[in-house]
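Take a look at the structures listed below.
In what comes next, chain A is part of two complexes: it sits with chain B in the first one and with chain C in the second one.
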Partner chain A sequence: MTAPILTIEKLDLAIGGAPILRSVDMVVEAGKVHALVGESGSGKSMTALTTMQLLPHGANTTGTLRFGDEDLLTASEERMCALRGDDIGMVFQEPMTALNPVKTIGEQVAEGIRWHTGTNRPDAEQRAAIMLKRVGLPTTRFPLDRYPHELSGGQRQRVVIAIACALRPKLLIADEPTTALDVVLQAQILDLLRELVAEDGMGLVLISHDLGVVAGMADDITILRHGVVQEAGHAVDVLRRQTHPYTRQLAEASAHVPQWDGRAKPPEITALLDVQNLVKDYPGPRTGLFSRGAPFRAVDDVSFSVPPGRSVGLVGQSGCGKSTLARIVLALDKPTSGIVSFDGMETSRLDDHDPTMALARREMQVVFQDPYGSFNPRQTVERLVAEPLHLEEAPLSKSERRERIAFALDEVGMPADAMRRYPHEFSGGQRQRLAIARAIITRPKLVVCDEPVSALDVSIRAQILDLFAKLNDELGLAYLFITHDLTVARAITHEVMVMDHGRIVERGATADVLDNPQTEAAQRLVAAAPDLNRAIERRAKDTSGISSPFEARKHPSS
Partner chain B sequence: MTDHLVAAEHEDWRLFLRKASANRSFQAGAIITLFIVIMAAVSLVWTPYDVSKLTIPDRLQGPSWAHWFGTDHFGRDIFSMIMEGSRNSIAVALIAVGIGIVIGVPIGCWAAAKRGWIDEVFMRTSDIIFAFPALLSAVMITAIFGPGAVNAIVAIGIFNIPVFARVARGAALSLWPREFILAARAAGKGPARITAEHILPNIANLLLVQGTIQFSLGILAEAGLSYVGLGAQPPATSWGRMLAEAQTMMAIAPQMAIAPGIAIIVTVLGLNLLGDGLRDLLDPKLRRER
Partner chain C sequence: MLAYAARRLLIVLVTLLVASVIVFFVLEIVPGDPARLMLGLNATEDAVRALREQMGLNEPVLTRYISWLVGMARGDFGESLTYSVPVTELIADRVVVSLPLALLALGLSTAIAIPVGIFTAARRGTRADTAAMAGTQLGIAIPNFWFALLLVYVFAVTLQWVPAGGFPGWDEGLWPGLRALILPAIALALPQAAILARVARSALLETLAEDYIRTARAKGLPANIVLWRHALRNAMIPVLTILGLQFAFLLAGTIIIENVFFLPGLGQLVFQAINQRDLIVVEGVVVLLVGTVVIVNFLVDLAYAWADPRLRRR
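Up next, the complex of A and B:
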């Protein structure tokens, strides 16, 4: 057993008097991946920030927090500045905001090197180039003078990792490093982190809510809930045996499949939504005052149909054109060519003022990914949920409106008095329920769902998936369900379409496509998708004989 | 159930008042602004002394119980002149801001909603307006159309239009791609309705802050125009005119400059506090916290 890099004992944290962490114990060893798992508000990010001593004002910590032999709780700010970025690196969730948009990637990697080692610029840049090459961005293809906006999300996350690892830290803290990425990029980033841990022998604290990711990566695991450690020990053992009720609850929620009568229903022959030879070009970048580069084809000759009451999944990597397709289906964007017809109305030909369009919009609604961004923060829930009601032909009286709103809220499991409140007073899951209430208030036939559960915790995600299933049963709603999460696609769709570079490359019954993918794009997605049970099986095989139940360390409080 | 929701609306008002009673900057701003408005209103019917009457023997007195802020070089009571002048200063600045908001905000919102060539035309036009030094152009306009309060208002107001158009456009542009706007479009609402229901309430706080800034700039611009003799014409007065007249007397009668200067500062401060307070009170996120 190697020496511990980070030792946390009986750590209590309170911010402004409110307890955040209670008696947390955790030991991170060199060359090991320690997963810190929990739902939002469980205190996992706060544990990371405590380790970095980057807590907000009014924070009060007691207990032990040792980095090697050094006590971090009493370390001076000066000392922490020397440690941060040098011996302790951190990778954040959102690669879009973790990089400074006005500095080149070379400068940003070299910055830390120069600051901590005092080397001159050319040396630092040379080291930066080596580091960027290690994370898969060789200078031949990605020169140091590239700016963050010239890179994709996955490439940016590589730069963030290069910054964190440039000085070969002893400890790397990665806070949800792949949550903002699609599954294929996620698998690549996780591979990269695993390599860095193996080669440099650093300790990695991997903060995640995704048990599938953790099962494939972690040596040790600590499961947090409401700031209290629920279970800790050897990752594969903990996840395989699932002795602690909360661990079992998390595992079940992450593989949750709703009880759903509509699943077995045979499809109808008629098409509710019919898309034919759809093409969408975006103008190319401006190359001169009057000239533009070649247009970018986001959707390339796509045809499909959705029968009434059927749930059709649309899966693919980010940037493959899923969301553009959704916007065209919803008539928020005009296609370059091709036909979209909805319930017999050719919506791609209609403009916004057409009365037929109002009819089509009433029957076709949308739920977005971000439960925070999808509401106007300045309006009450009553007004927000009632938004589509103006499409009704006959104007409603005030009491009729309120009745409709209350009814819609009831259907999504929210109390009627939610009407008077503002969106920020609700949790993410509740907001998503409100977004669904808004979508179903006009009794639509089709709801387009753009990643509606990917910003939610696993247990909340399970509840929202149940809600989608229930609404399909009760209202006969058809879904066009866009997701990059194959577990979700499996749980809630009858059929699935795989999209790649603007084209639909494969489609069929969900189980057939996901169990037996034919095309390269589909195979890539399926192979990259983290899966709890598969990962445990694989890991158990690898480590069989090494870990036995007797060796597994159990947390004293669990 | 409906009754109980109607009752809830009254409760919202009570909540607003309760929050207002806890918001110090709103209170201070409201009191100062109210005081100045009352002062301007009272000056219509009464001032301590008649400012159109010159009393040369009393000239250039320092502050006293008889003349709170002293007298000027014609023996006029400075406090009475501040009251009298507040009407012109406030009217010019307020109407100029009003012109900017009423014309500029719709232009900015329209440009943001339509994009394309309409946007380009408006924004390049505002670039051209910005390219002229505002005060010099105002001098030009008043020189052509004749000096006076009305022309000063128009001249200052014209230069407020692109300011508000820019602020409104920039803020609106950042809102248009947001998902709640997409959701509203998916609900079939047109650009005008979305702007009214979703864009304006979300950019109102920015406009409010810009409004207070432009108001103070308006008072200063009016002062500048009056200073060169193109604003309020004698016997009418304004704070800017008073400052201009004070300039030659600075060494012997500093009270002549200090009094209108303080009046301008207090007014601008009061409006800024009021703007800040209103912004916080109208933000639902801050409504229940704090």
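Up next, the complex of A and C:
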């Protein structure tokens, strides 16, 4: 057993008097990946920020938090500045906003090097270039004078990792480093982190809510809930035996498949939604005073149909055109060419003021990823949920309106008295229920779901998936279900379409496509998708014989 | 970046052309015959007709617009109806007062506002922040003429450091001219500085809550260095917008202050010209102001692109 890099003992944290962490213990060793797992609000990020001593104002900590032999809780700000970025690095969840938009990537990586080593600019930039090459951004393709907005999300996350690891820290804290990325990019970033840990021998605290990711990565694990450690130990053992009820609950929720009568139902032959030869071009970037580059083809000759009551998944990497396609189906965007017809109405030809369009909109609703962002915070739930009712031909009477709202709320499992309250009074899962209530209030035939469960914790996600299944059974709703999460696609769709570079490259029954992908794009997605059971099997095989059930805390030392 | 600047410049030219059409035709439909006004109430019909002929007022509208435009391009804004001197001369006399005054006031307001904004944003919620913000409230609330009178009383009448009013001209040298402009510049700068400081503070606070500030802190940079290196430039966009608007106002919206200090500025000129229906002068000043505003906004656009590389491609 190597000497611990980070030792947390009986750590209590309160912010503004509200307890966040209660007596947390955790030990991170060099060259090891220590996963810190929990749902939102469990205190994982706060544990990381406590280690970095970057807590918000009004935070109060007690206990010990030793980095090597040094207690960071009592360290001066000056000392912390010397440690941060040099001995302790940190990677954050959202790569799109983690880099300063007005500074080049070279400047941003070199800055920490210059600050800590006092070296001159050319030297620092040379070291920055070497580090960027290590994270997969060689200067031949990604010169140092690139700005963050010229890079994709995955590339930006590599820059953030380069910043954190530039000075070979002893400890790296990665707070949900791949949650905002699609599965293929996620796998690449995780590989990179694994490599850095192996090469530099640093300790990695990997904060995640995704047990599949953790199972594939972690040596040790600490599971947090409401600021209290539920279970800790050797990652593979903890996840394989699932002796602690909360661990088991998390594992079950992450692999949850709803009870769903409609799953076995054969598809109808008619098409509710029919899309033919759809093309969408966006104008290319400006290249000169009047000239533009070649237009970007976001959707390229796409044809498909969705029968009534059928749930069709649309999967693919970020940027493949899924959301553009959804916008066109919803008639929020006009296609460059091609036809969208919905329930016999050719919506791609109608303009917004056409009465037929109102009918189409009524029968076709949408649920987005971020339930909070899609609600006006100053309106009551009653107004928010009733919003689509303006599409009704005849205005409803007050009592009819109430009835419809109460019905929709009841369908999604919310009490009728939620009507008078405001969105901020609800949790993320409840807000997503309200968004679904809003989508079904006009009794639509199709609901387009754009990553509706991606922002939710696993247990909430399981409940919302159950709700989608129930609504399909009870109301006969058809879904166009956009997701990059194949577990979700497996749980809630009859068929999936795999999209890649604007084209639909593969389509078939969900189980067939996901178990036996034919095209390269589909294979890539399936291979990259983290899977709890598969990961545990693989890891257990690697370490078999060393870790017995009776020695859960003993690590296969390397 | 060059293409961006060229595109903006093109927009500037189009805006100026559109503005000139509007200015010309608005004054065209204002009631009152300039020839009759010039000659006074007792003029004979013949004299009016002759003058109209001489001024070219009988030409078709389009011809007059084009010759007006061509004249302006050559620096010829026509002749004042009341003073019978070229408008260019009248304006030039006033610009040498108003432009330095506006620049001085703008420089002062920036020099006060940016440090106050940075100071208060860095010490958000402290007593110093609260006090400084209360100060800016006061700066916005106090009428600038009253503040100007206060300045005159303290620094001109009591301490006798600077003259109470009037403008000696630049012929006497730089210092006497500047001395005359100091108090009016302070009076103009105070409310502008108060507004700008509040804008700078809130822009900085918003920037300081961004994720990349946390990234910079995680690199080991102390909070104050992060503010200077990472937050300041990102917070510049709203500050630049307000600065652009303030310059246009300071150039000609200063009639009250000009009156308090007896300064022969553009504000006075245009005020008198409107009173006397000297539409040629009004036209000239308006065109000058429109031109200034458009050009200042062009510079602000360029400054945006300097501050934010994402804008360079648009």
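Here is the rule we go by: the second predicted complex is superposed on the first by the 553 of 558 C-alpha atoms of A that agree within 3 Å, B and C clash if a C-alpha of one lies under 4 Å from a C-alpha of the other, contacts with A are read in each partner's own complex, and residues count from 1 in each chain.
To be clear about the criterion, a contact is a pair of C-beta atoms (placed from the backbone, for glycine too) under 8 Å apart; a residue touches a chain by one contact, two chains touch by 3 or more.
Quick caveat: nothing in here was measured; it's all calculated off a predicted structure.
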| item | value |
| --- | --- |
| When chain B and chain C are modelled together on chain A, clash or fit | clash |
| Touched partner set for A:541, first chain B, second chain C, both or neither | neither |
| Touched partner set for A:100, first chain B, second chain C, both or neither | second |
| Contacts of A:352 with chain B and chain C, given as first, second, both or neither | first |
| Touching partner for A:402 - first (chain B), second (chain C), both, neither | first |
| Which superposed partner A:111 touches (first chain B, second chain C, both, neither) | second |
| First (chain B), second (chain C), both or neither touched by A:420 | first |
| First (chain B), second (chain C), both or neither touched by A:141 | neither |
| Overlapping contact positions on chain A, where the chain C interface meets the chain B interface | none |
| List of chain C residues in touch with chain A within their complex | 3, 6-7, 10, 125, 210-212, 214-222, 229-230, 233-234, 307-310, 313-314 |
| Complex contacts: residues of chain B adjacent to chain A | 1-2, 5, 8, 12, 178-180, 182-190, 197-198, 201-202, 282-285, 287-288 |
| Of chain A, residues touching chain C in the complex | 52, 54, 57, 77-78, 81-86, 89-90, 92, 94, 97-103, 108, 111-112, 115-116, 147, 149, 160, 163-164, 285-289 |
| Chain A to chain B touching residues, read off their complex | 327, 330, 332, 352-353, 357-358, 361-362, 364-366, 368-370, 373-379, 382, 384, 387-388, 390-391, 398-399, 402, 406, 416, 419-420, 422, 424-425, 435, 438 |
